[in-house]
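One structure, pasted below without further comment.
Order of writing sets the chain letters: A, B, C, D, E and F. Residues in each chain are counted from 1.
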């Protein structure tokens, strides 16, 4: 009996989308307002989905409190109120697009989960734009 | 042309998470505040997803009004304003975690659907915690 | 320059609506399913509104982090995962309707605020039912 | 590294559900209030999901601004503030149920996407009813 | 102890905004797409607010179930799945703008309430546009 | 017949909360994570409320399309995808707290409205924190 449990979390951060090897014009051409050198920012809404069997002893796939704390330590404490380009080492050479952020978050969380569990992450950059990644 | 139709419903209930064969300390250790012997409760948001072919005569996979009434008779009338541990026979020996509730709701609904249709259920226990089950 | 700052919080609890001095029939007649002796429960969404002048030094009416912590200590820790009738002394002789809960929460918070600030509370009992109280 | 990017859009429209080859009684029998000859209407919330590899140069599966503009030109400009039965040629002989609308929208968008991308659409007819179609 | 109780409801309807005494050009000039002679439609979200003293016997300002039923009989049954211009007598000579709809709904509900209670209504025409009227 | 019409809008921006005349320690002491010198950011949800009489000719207090365009030109184009501290002249000497932002937005919009109309603005900094200002 495989069930997926999902937990929502929240953080906010500044970022800009640009390539160091491009000129300002090239960056603005491709990334538009998102290339603004002074940065802009978002409230990111994150949903972490963990799929596995129900443990018959507890009725849990995974204790949601443990999942909440894991998201806090592995994602929120790294990203909340941060400048993604300047303060997150993973984005020193990687554009902090929502797509790349979802992959980075997945890679942060995966090693901490039971190997029998599958993981996927959904990341809302705005209420109208979001991305999903399942490894 | 397979389409999934989804219908949201709502009920609220009291429950507690605990095992009768554990001591109070064991229960509190594993289930924390959720083990409170005086019960706590939730507004459960339920989404029922039915997947099948569009009937070319009506343009429907399934009449949403029929689905709404089915959720009402098979889920809401059983669970709404109830104490899950005390008043739902399925939980007399099964912990009413969101995971187990999703399985129970799936099993209540499945026999009433067209056999050609596939079913899955999503159950929000809080706005930040939810589970999904597809049989 | 008076501004209102608002902070959302969340707790869940069990309760029932009934009068000890009424018969079961009277209670069910007036309170319907809400009188269920086995209790039911809700996810309560609380919004606390504080109105006052902007402090020119900080740009704040009130530090939202302080308000968040105040709601946590004065409301969430008292009510979250609790049975309102059985475990909250204010409801030993007061029906825990959303209306009365809003008044109780207001009275818990008011003494902790700057006297120059005005307070109001909004309490969602379900996504479709809510109440507001301003003293 | 396959990621799904999703973009929400909005339009509103009038429609009615009925078959020209049925009597009024047959239509009302099957479609109920939705058969009202004077029409009724909805705010449709549309979510378009595009799945593909992250372009390592931009960090994008697909530029969300391009996707937003595509939804605007291919869906919103055709359907927004329109009568679906009277003004959308696809529904001259097809019942504008949410299911059929999702298929029509999918077929409008698909030819404009990169062939390596997969598409699915989710359409909310009301906050409680929605459908999904993936081709 | 004055408390405001609020109840959300939902209906959907078709309408158009136009004046019979104006030309088509004048109507399109002022009302834009909303003047479409074939109609368009919305999911209307209605919130009804009733303010009064808490009844010490019940803990209620007003029984929410009674308010729910009142909204159903006085508003939903008249407007749901209807064409406002064609089927609601109040709009035979009154433009069914959200503003006028709020006033009409207020006038339908007010006579059914306790005279000691004050009423206001909030009406969402789309998730981004809404109006409020308090008599 | 006074009615309030409300329109939601969206922009996102980077900011930090700090005083130039304070040391880094003082700033971190008062503003916590919000003082981060590398900035952080938010999706701001703005609701603009305009109160006035219904124009009997149009059924409008104010054309919502005009209000939408006004918010776009006076607020979104100035703030969207910007760094509030670095790029908005009003915040060169004013802390861009949500409270101060609401006042600045109010002052930008007020001169463009009919003098008979009253204005208030609600600004969500996160889904859980928001402020309101009415002049």
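Methods note: a residue touches a chain if its C-beta (ideal position, glycine included) is under 8 Å from a C-beta of that chain, and two chains touch if they have at least 3 such contacts.
Nothing here was measured: the structure is a model prediction, and the numbers come from that model.
Steps from subunit A to subunit E, taking the shortest chain of touch contacts, total 2. The chains that touch subunit A as well as subunit D are B.
Listed candidates were A-F, A-D or D-E; the one reproducing the C-F interface, defined as more than half of contact pairs identical by residue number, is A-D.
Counted by C-beta pairs in contact, the busier of C-E and A-F is A-F. Residue numbering shows that subunit B and subunit D use the same positions for less than half of their mutual interface.
Mean C-alpha positions place subunit D and subunit F at a centre distance of 33 Å. Mean C-alpha positions place subunit A and subunit B at a centre distance of 29 Å. Averaged C-alpha coordinates give centres for subunit B and subunit F that are 41 Å from one another.
Chain contacts: subunit B has residues 127-128 touching two or more partner chains.
Across the whole structure, chains are in contact as follows: A-B, A-D, A-F, B-C, B-D, C-E, C-F, D-E, E-F. Taken in their complex, subunit E has these residues touching subunit D: 10, 12-15, 33-34, 36, 38-43, 45, 80-83, 86-87, 126-128. For subunit F in complex with subunit C, the touching residues are 17, 19, 30-32, 94-100, 102-103, 127-134.
For subunit D in complex with subunit A, the residues that touch the partner chain are 1-9, 54, 57-61, 63-65.
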